[in-house]
Each structure stands twice: as structure tokens, then as C-alpha cells.
């Protein structure tokens, strides 16, 4: 049964229905998750560590489905289409994970920031404009000639975030993406996210720190494999 | 003399030397025995660099670092390790075994040998860190919080005088941070000094710690938050 | 050197030098290739002294190779010997030095390629016609070598900080200890490789898809002049001044 999805109607951009998941038969990580996220919503997910939050987003963004050994039931749909059959889902959902050391590729900050836009085949003019814009907005202009691998943890996270914030993407997923960042720049990030959200970008944010959820529309807690609304 | 003393430290990374920029241009800091000190500051200001100077991983361009009255460079690395324990930001880099008992007894297996006293110490530490339930679980299957506790366990086995904690609460949820706080307080009450590097303000606020903020150039000032 | 050369010129010079090293017929020739390599290093801004400092420890190995070659080669001109046992011979010396020069040229070639930034070298490879995927993968591999070295150092330090006096441990146990050092490292490397490739995908990377480039390399006059000079020098060294 396919949902008729267009970007205008009230259908959820991400629809998780009765979804259960386990890496192996011994331990079920997610238990009958039901979650509907509408286009343009900004939702936060919190909960105890190791309970499945990262697993959930790796299912939503499709990366776990390339692993054949997983067991699951129920469905996850993005824009009405089943994630498992969604070609090039990464052009619709961009994800930033927590550890920047496992995400930084290049030896120059600007090279790292433009990587995402190059993947999207953006024009040179647009890339130049967006790079300057995002570096200004996140106050990392002074890092432009540095090698990201030798930056501090927070600076590294800022660089990885910057590479994703300049994309034209429908859904942005952040998995504790600014845990090492200082307070001032965290506020800059949240302000930038707010702007993107107002332009229609759907944001899913996983975090432990409640301060980061001050601008979200709804908060969910994932505890013991079950998702419930509220903090 | 204070247990840890940094005197007029000047330091630049290789890249900064090319730009004639100094990370530290005259940093002074004294940390007393049994003190509980937290270092805060913006990203890239030098918090981790400071801790690396203290354990002698890097040497200052100018100035001296003293540990227990003697210059750090006069000690052998393993001697420093017996005085100061270091919890890495990525605790996985300091875990070498797959069984907790093996891991905590690791340095004695390759060093002085495992005596009755060492075994008693091991049992006490396991109890203190509430690791009894997961004692038989392979380390690679432990949660991040449990791995950090195992790493702390390996540090406590050496009965250090000081422990450096580098951003220990990142990746831990509220409950685990709570558990971690209790462990730190227990350790502090035993007379072991704590040097905490963190930017988790709510965690810092809940601790009986003196706070030092590093500003540009390595200026260290005590502050209240 | 205030002139910056196109990374493709560097790649070209490295290919030529490697080829020459394989084809060179004698020690004299090898020495000339070495001189050519040093000249190119200077042109490309490679600091030879720092490089030699880094590989100082390995030069000792070469001494060992010279001795081994001397012992096992049926040479006629002994230089250093004990009774009928040859420790150093002219032939051995020649073979050893020949070998050392070849390896040094390759090491310098590596430094020449590394003198351009990773992204620039990748762009050079792509504009030379190689697929982006290949350029990305090889560059990431090379890029992570210093990180791996750094992590090995950190883990070794963590081991020392455990209070283990590694120097006092007998050799057999030390080997076992060093083996344990690789437990966290190999684990971390495998995990990192998987997570890195996932992260590239999560930022829109799709193998084989059309992608744009922030950079576009263009040859300058100096590249053309140097390129031609390299061809002429190679021809002279390999075929004329044999």
C-alpha cells in the first residue's frame, strides 16, 4: 500500500510504522516503533546511551539496510517510498554523526566543506557563495587554511557540520553533532538550523543535552527500544 | 611546591610557528596536591595541549613543567604514569584486552607481577566502580560508559596521586553522567587529585571544583560559573 | 620556491623517475637519476634535509644490506675481510649502494607527490583521466598513514602511562606486549574505514555519479617548461650518457 506523497500535502515525510529491529536474534533493539514526522518539523530524540538512537537514524537514512544480516519487521518510508527500495536516499537525507575523526577526509578545511556540494554537482558560483556563508555563520572563517585533522574536537565538528549545512537537502539528521562545540558557537549552529527549518528543511536531532532542544517542535524519548513522546 | 606546576610556558604547534602565532605565550598554573581543578575554554584554546604538557607527551618551547617538585622531562614515561592517570577522550585507545580482569591486571602482568595485594586492590576497584555485573562481558561489547569505567579502573590500579579526565562526559547520557560524577567524587574523597577538562557546564557546576579558564595566548584565570 | 607547479607535473615527474629507476643499467646512471631527483625535489619545494632526518633510522638498514650483499656475492675485490670470510667487497658495496639509491628515489618521489595538497593531487589525477573514486580511495589511504602512526604512538604512550617500564621487559615478552598494542589500533582502523565510507555517503557521495569540482587545474608556463626538461633529461640519462 503506497502513500501518495507530494511535498505539499499533510503526509509525513518520514513514516515509521510498527517497526521492530534486531542485529541478531538475541536482542531486539527497537520494539514496534511508530513515528510520523511531517515536512518542516524539527524533532529531538533523547534517551539512555546504547539504546538504539543511532541505530534508528541509520535505519532512517538507509545505511543499515545495506547490511544483509539484520532482522526487522514493519516499514520505514521516506516521502512515501520504502527506505530499502529508495535509490540515492542520501540525496534526500544528509547525516552528521558524533565523531568527526570518522568523517573528516581532507587535509584542508575548505576542501572538506565543499565535498558535500561537489557530490550534489553544485555550480562553482554556488559553492563559493555557500562556503563563505557557512564559515561566516559558524564563525570559523579563521580556520579556512587549516588542516581539519589538527583542529580541536569542537572545531572538527564545526567543519563537518558546515559541509552539510550548505547543502540543499530535504532532511537533516544530526547525531550529537556538536557535543564538543563551545557554547557561543552552539548558539550559532542552532540559529542557522532554525533558519533552515523555517525554509522547510526537516530536522531530526539526537542529543543528551536538553539545552539543544529549545527550538524543536517535539521531543521523543527512546527507552528500552520503545519510543514515546515527551522528554 | 604544588604537585603540578607550569612556569612561564611558551608553546606553538608546528603550523603556528610558521605564522609566528603562539598557542601559549607565558602560561602559569599551579595545582596543589589533592586539588580538584577544572579547565575550561573555547575550542582550540589549548585545553588538551595543557594536559599533554603535564604528562610530558609534548615539551614546551620555553618554560618548565614540574611534577611533584621535579621537572617532567627528568621522569621516565612509566614513572609519570604511576603518579598521574590519564583518561583519554577516546577511552578505546587505552584498552588492550578483551576481558576486564586481564585489562586491570595488564600492567602488573608485564611488570611487577600479580601479588595478593594487587588482587585485593583489583576486587576493591571492581566493587567501587560497580563493574561486578559486567565482569565476564567482553570489553568490546560494553557500553561507552562501562568502557570509561574500565579505563578508570586501570588507572586506579596504579594508585595515582592525580587523574586527568579529558572531556569524560561526551557521549554519555544523563544517568551515566550521574554515575560518573559519583565515581569521581569517590575518587576525590580518597585523596586523589582531579584535573578535569570539560565544557559540560552543568556537569562542572555539580562538582566541588576550582575552575580555571584559558584565554588566548594561554592566560589562565580562576573563574566562577 | 615561490612557483607552484601543477600536481599533474609532479605526478608526471614521479612516473618518469620511477620508470628510469627500473630501466637504469648501472650505478653511475643511478647516481645521475638521483641527482635529477634531488633537483626536482628542490624545484617542487620538498625539504630534502628534513626527509633524510626522518629516514635516518632506515639508513642503518642499508648498511646491513651492503654487508649482506658483500657476504653473498662472488666478488673478486675484497675490502674488509676476516680470513676467508668477506665482510665488505667492492661488488657488494656497488650492489648495496645501487639498491639504496633506488629506494631513496622512490622515497623522494613519495615526498614530491605529497608536496601538493591531497585535494589538489586528487584533482590532478581526475583531470588526467582517472576515476574520482580511485583518486579518493588512494588519497584517503595515504592520508591515514600519519594518523595511524599517531595512534600507534598514542597507544604506546597509553601503555607506558600504565606504569609499564617497557625497556626493562625481556625481548620475548616485549614482542607480546607490542602485539597487544595493535589490538585497539586494528579495531579502531577497521571501524574508522567503515564509518568514513558511510559518512561520505551520508553527505551525498554516490560512486559513479556525476559530480562537480570546486577546483580546476590549469597548466602554467613553468609546468610546460619543466615537463619538457624532464623528458629531455630522462632521454639524456637513459640513452645518451649511459
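Each chain gets a letter, A, B and C, in the order it is written, and its residues are counted from 1.
Definition applied: a contact is a pair of C-beta atoms (placed from the backbone, for glycine too) under 8 Å apart; a residue touches a chain by one contact, two chains touch by 3 or more.
Note that the structure is predicted; figures quoted are calculated from it, not measured.
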Request  = Considering only which chains touch which, label the overall pattern as line, ring, star, complete or other.
outcome  = complete
A-C compared against B-C, more contacting pairs = A-C
Query = Where the centres are mean C-alpha positions, what is the separation of subunit A from subunit B, in Å?
reply = 32
Task = Please work out the Cα centroid separation of subunit A and subunit C, and write it as a whole number of Å.
result = 39
Message = Distance between subunit B and subunit C based on Cα centroids, please, to the nearest Å.
response = 37
Task = Using the touch rule from the top, collect the residues of subunit B that touch subunit C in their complex.
result = 55, 57, 76-78, 80-82, 84-86, 88, 92-98, 106-107, 110-111, 140, 154, 158
Key: List of subunit C residues in touch with subunit A within their complex   = 117-119, 136, 140, 143, 147, 191-192, 195-196, 198-206, 209-214, 216
Note = Listed in rising order, subunit C residues that touch subunit B in their complex are 151, 154-155, 157-166, 169, 173, 177, 180-181, 183-184, 187-188
Request  = Could you please specify the touching residues of subunit A with respect to subunit B in the complex?
outcome  = 46-50, 98, 146-147, 150-155, 158, 176, 179-185, 208-209
Query = Which of the residues in subunit A come into contact with subunit C in the complex?
reply = 61, 63, 88, 90-91, 93-97, 99, 101-103, 105-108, 110-111, 114-124, 127-128, 149, 160, 163-164, 167, 169
